[in-house]
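Before anything else, here's the structure in question.
Here the chain labels run A, B, C, D and E in written order, and each chain numbers its own residues starting at 1.
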């Protein structure tokens, strides 16, 4: 039935299985051994409610409509006397329904103020479905388990903020070191040259990134703010 | 089974019976969608939930007592789930694994998805995630085992007799109160 | 006519059953001892076999197997047993109630009775029948009835196909099993299992003083016997009747609770029975090594029992090893192997042994 | 045989596990009874909820009628209510064994309509992730096809490999099965530090474990006996049915859109397409194993070609595809996945048709199963690799 | 036959259209080449023999049947789009036709005997759009949806019930506080249109239709006051569970809970539906990019 001697296939099958008898089992004894989770693992969403300005972007962008936010307006007296008092949104309720959530990460990505973070925790199974509606307090507890984002790969592009900061500092340095040179044109040229000279060191092309757009990579390198 | 739901078993016998049910959960993998892959991952070498006594060889619903509903339950599939649940012999438990079976998950607005398997069968433990990690299933199983350890078979089967639809919810309420104050005595030499 | 038979009768040695340790004391005490022996062989050893299956299969698949239930998961099968008692006992509506309820018992009783003649050590056996081997093979073939009854009574298409497949398979593999057993009986000169073991001890290898187990001269017979034993138990790679990927669970699909536990116990006990039979017929029963003899007295009996159980567990491990490594044979391939390969080979084996017997005799 | 349509209504009423539906037919002297057996929808043999009703004479199958739709979740309707970022999160849940490749198709379609040029590093990262995803998919099917035939262990070894790969991909994307790592202009975020070294290590580890499967399954005589010459599929029938992927390569035609219509950077590396001879179950399995080795080679080539630079294009606030329609075809692990995207310029697509490989591959089952024995039919069912979510969408 | 054997002699789109035009005469209406996809518009009468021609012409040799699906073409009915691919020449051709019979009885000839692959594709198109395929052996039973499913899901006038039943969480504007700090109960205003997406008047029509249903339930279930809190807080987590069943699907929630949910969702539905229609018109008018802080 086969080119080789009929029996060898069967014997090889036995040999492969018996070989595994000697090897150490790869089982991870879960309750005693904790899994080593990568920092980006999408386990649960944590909320830093100090950062939240109730812009409702996350609740609007969520495909599952599972983020419920209540807030109210408060007027804040202006710092300098005589100044105009501004109204500020104060967060009353921020709840995520984890039985509905599809863990896609759009809310974490779209939040302009880094109030939402991913935490790799996964042990929150419940006996009843209402337990899966995590209120603000519970989300705040998850915030303590948010790991530091990993360093980016060597070939990765430097985050935009770092590029702008370096460009700004170089410009200031150049301005300080060669004030005598014709201000306008030279400054601009130097600035461009500075950025240009700067480029290859950081693996950055001559492209200029607009400072306002905080790219995802930059934000991920900033650790969550005050505890 | 006859007298099970009339007489309350004496403490030691009940403990041994609960221990037996706790460490021998023959599991019928009602694998529907992506969560079924994570369920299979939980049964293979890396996570191996046989360690907790959950044996995945129950091929038919008749031999199973743990039904893990993993994946999206569509309206076309709902009668089959109900029939399979009814075929299972009585002390049976259900784990709803993943957002789709919890309450519709990413397909909450689809026209053909049943929003949550608890509309059809009573669920004991909800495991969140889409798909949840295999360790999350192990965590869910251990939570279910804690409940079984503190459970009284009489209440459970009597509850089934009264209203088969929502035994999970009602028994759940009765249990939490009970399992709270009777802290589960140390298991029979766990670990190993 | 009778004169012809008489000389033949005188040729046969008068059969004196070896006395078993369990015969001490009055008939009632010895009866209780024998029942205890069979119960241990029927309940405890299969549980050890089942545990070995869980752990062995786990280690072969690079995982750890049951750990939480009892120290190192040893009480896993005890937990299964306790749980099966509590399960609701469902009899399907369309099922034929009486046949459905009786089916698991037949397989169970057949295996239970066969343990009566399996000797563990020089004095340690329940019964030494003169027709021990014949008794075991006859009783264990009754198990087929139980499976067919289960297949028919469950009124489920999958069970029906599973039952029919089981019938065809078990009958097909009964023949090589018996032919090889006959060859062993021929070489040993007796049908009593204890006699066969002693025959293996007393026979030596061409005058070198080392006792010759029948596995050496009848290696072909040993292979056939082991394969046929696997098929008898519907163990993979011959597990068409319980072909789980096609027939859900074959003839056991509709069984739950204690009836399913009886089928499970039948399978594990059958594994122990067939391994025990193979050990007694081919691997020299309680003899530790071909040349080595047991010290006599109580220590000898204990050591003998340990050796036999060790060999049985080794064979059970081989069964698990085969289950882990191989896919399932298709129905017609199964039958073709039995009728066109195993039966002729066992006949050849019988002929060789007969010629050997005459030449050496 | 007497006319078949008499049996047509016989097939209608059978629900799973129903009692015997025997109807006495036959005109000759021997009165035979045809039995209809329903496999599924919740059956260990089928991966998930796929039901086939066999009409059998004894153990030989006369006709098969697949019944699908048990996993229909209406993705195409939901896509019309979601913008492109939200579609990216939903689309990887359909062929749940190749989540990344599904997202890739949608991203390519929108980029093709916007004529958006994706940075080179993002293209290499996408190819790396797509190939790892292909290996994950194939490992799963090695395990499940062997399980169909009764061998338990390949599934355990396959999942041991899968766990290593899933851990690797999770460190970059955050997900184990549904990655949501693609974005219309490239990928969401760059790889973490040390990812490429870890990827090389896992690639070497997986390659060292491949011979296990050759010895355990491919060389095994019982496996050969169960699969050689079972369910052969001629090439022209396959093409007319629209069968693509390993099932088509097993018939001898190396139609692989990474070679015929190279997208991303597949043109710069050499992609070899393993091909079978007569398209039976054995060839389909051998092709699957071959494709894993090819993917491992591609991954090693990608490690050398990886460039540095940005990984995504700066996106406007709201990604809107221009008017018009386009069709993009990518080589998914199970076959060729096509996205037909028609947009009316709004933020949500007007119509997004997902041409899934499993839907066409499964159409070949009634043709393949005709006249086979029941165990062979199960072996064929296992050898036509399909994912039920891919069929029903 | 090896792959791409005749790649060099593959026809360019113009040549393909010219070949088809002279083979089929006025069957070919026109062709467009956009977004790297060549589409030929075919008259429904010439649909079947266009495909036979594409398959049998040695120069064209389209042997791989890729896909066939329907597209909703707003008022003038439905289109059927099919895509063919030739493994030898590497060409891909997209054929599109407008079904006769407008929106209520769309009909398109069946390709079942030209390509085997068309069988299920046409059944799916019928299941999704309700386009009849005369000549198809067995369109019934519905291939994907539940057997007794009423309505054609992919038509634009078929709306998703859950999106109607559940109020959109993103709509909650911050509430004003009066001087002693308690929240002023806000009457749901015009701006509370759920969903960032433009839902047209048909949505309002469906809401009104649903209202008749809930009115009937109201009458049947007696008159206890409908507890319609203005701002449904916790309840909306459980709301999706008891979402009003889509038209006809057999989501087997028990009737009491459905009736109750239908009644409490009733007020929001009526308000939202009208608001949506106005908001849609208003938004279409000024199309100002909705800026957010």
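By definition in this document, a residue touches a chain if its C-beta (ideal position, glycine included) is under 8 Å from a C-beta of that chain, and two chains touch if they have at least 3 such contacts.
All figures in this text were calculated on a predicted structure; none of them were measured in a lab.
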Exercise. By label order, what chains touch subunit B and subunit C together?
Worked result: A, D
For this session: Any chance you could check whether A-D or C-D wins on number of contacting C-beta pairs?
Result: A-D
Seminar exercise, completed: Computed over C-alpha atoms, the centroid farthest from that of subunit A is that of chain C
For this session: By CA centroids, point me to the most central chain in this structure.
Result: D
Exercise. Taking each chain's centre as the mean position of its Cα atoms, how many Å separate subunit C from subunit E?
Worked result: 64
Exercise. Centre to centre, by mean C-alpha position, how many angstrom separate subunit A and subunit B?
Worked result: 35
For this session: Could you tell me the distance, in whole angstrom, between the mean C-alpha positions of subunit D and subunit E?
Result: 25
For this session: Quick one: which residues in subunit C touch 2 or more of the other chains?
Result: 58, 60-64, 67, 244, 248, 324-326
Seminar exercise, completed: The positions of subunit D in contact with two or more other chains are 17, 44, 69, 72, 74, 77-78, 81, 89-90, 153, 156-157, 160, 163, 178, 216-217, 220, 222-223, 225
Exercise. Can you list the subunit A residues in contact with two or more other chains?
Worked result: 10, 13, 16-17, 20, 25-27, 29, 63, 65, 99-100, 102-104, 129
For this session: Give the pairs of chains that touch; include all such pairs.
Result: A-B, A-C, A-D, A-E, B-C, B-D, B-E, C-D, D-E
Problem set entry | subunit B residues within the subunit E interface of the complex | 75-76, 78, 103-104, 108-112, 114-116, 118-120
For this session: Can you check the complex and tell me which residues of subunit B touch subunit A?
Result: 45-48, 51, 99, 102-106, 108, 116, 118, 123-130, 132-133, 135-136, 138-140, 142-143, 147, 169, 172, 176, 191
Exercise. How about subunit E: which of its residues touch subunit B in the complex?
Worked result: 144-147, 149, 153, 158, 160-163, 166, 240-241, 243, 246, 249-253
Exercise. Within the complex, which stretch of subunit E touches subunit A?
Worked result: 166, 168-170, 172, 174-177, 183, 196, 231, 233-234, 236-238, 240, 292-293
Seminar exercise, completed: Listed in rising order, the residues of subunit D that touch subunit B in the complex are 16-17, 41-42, 44, 47-49, 69-74, 77-78, 81, 89-90, 93, 96-97, 140, 155-157, 159-160, 162-163, 166, 176-178, 388-389
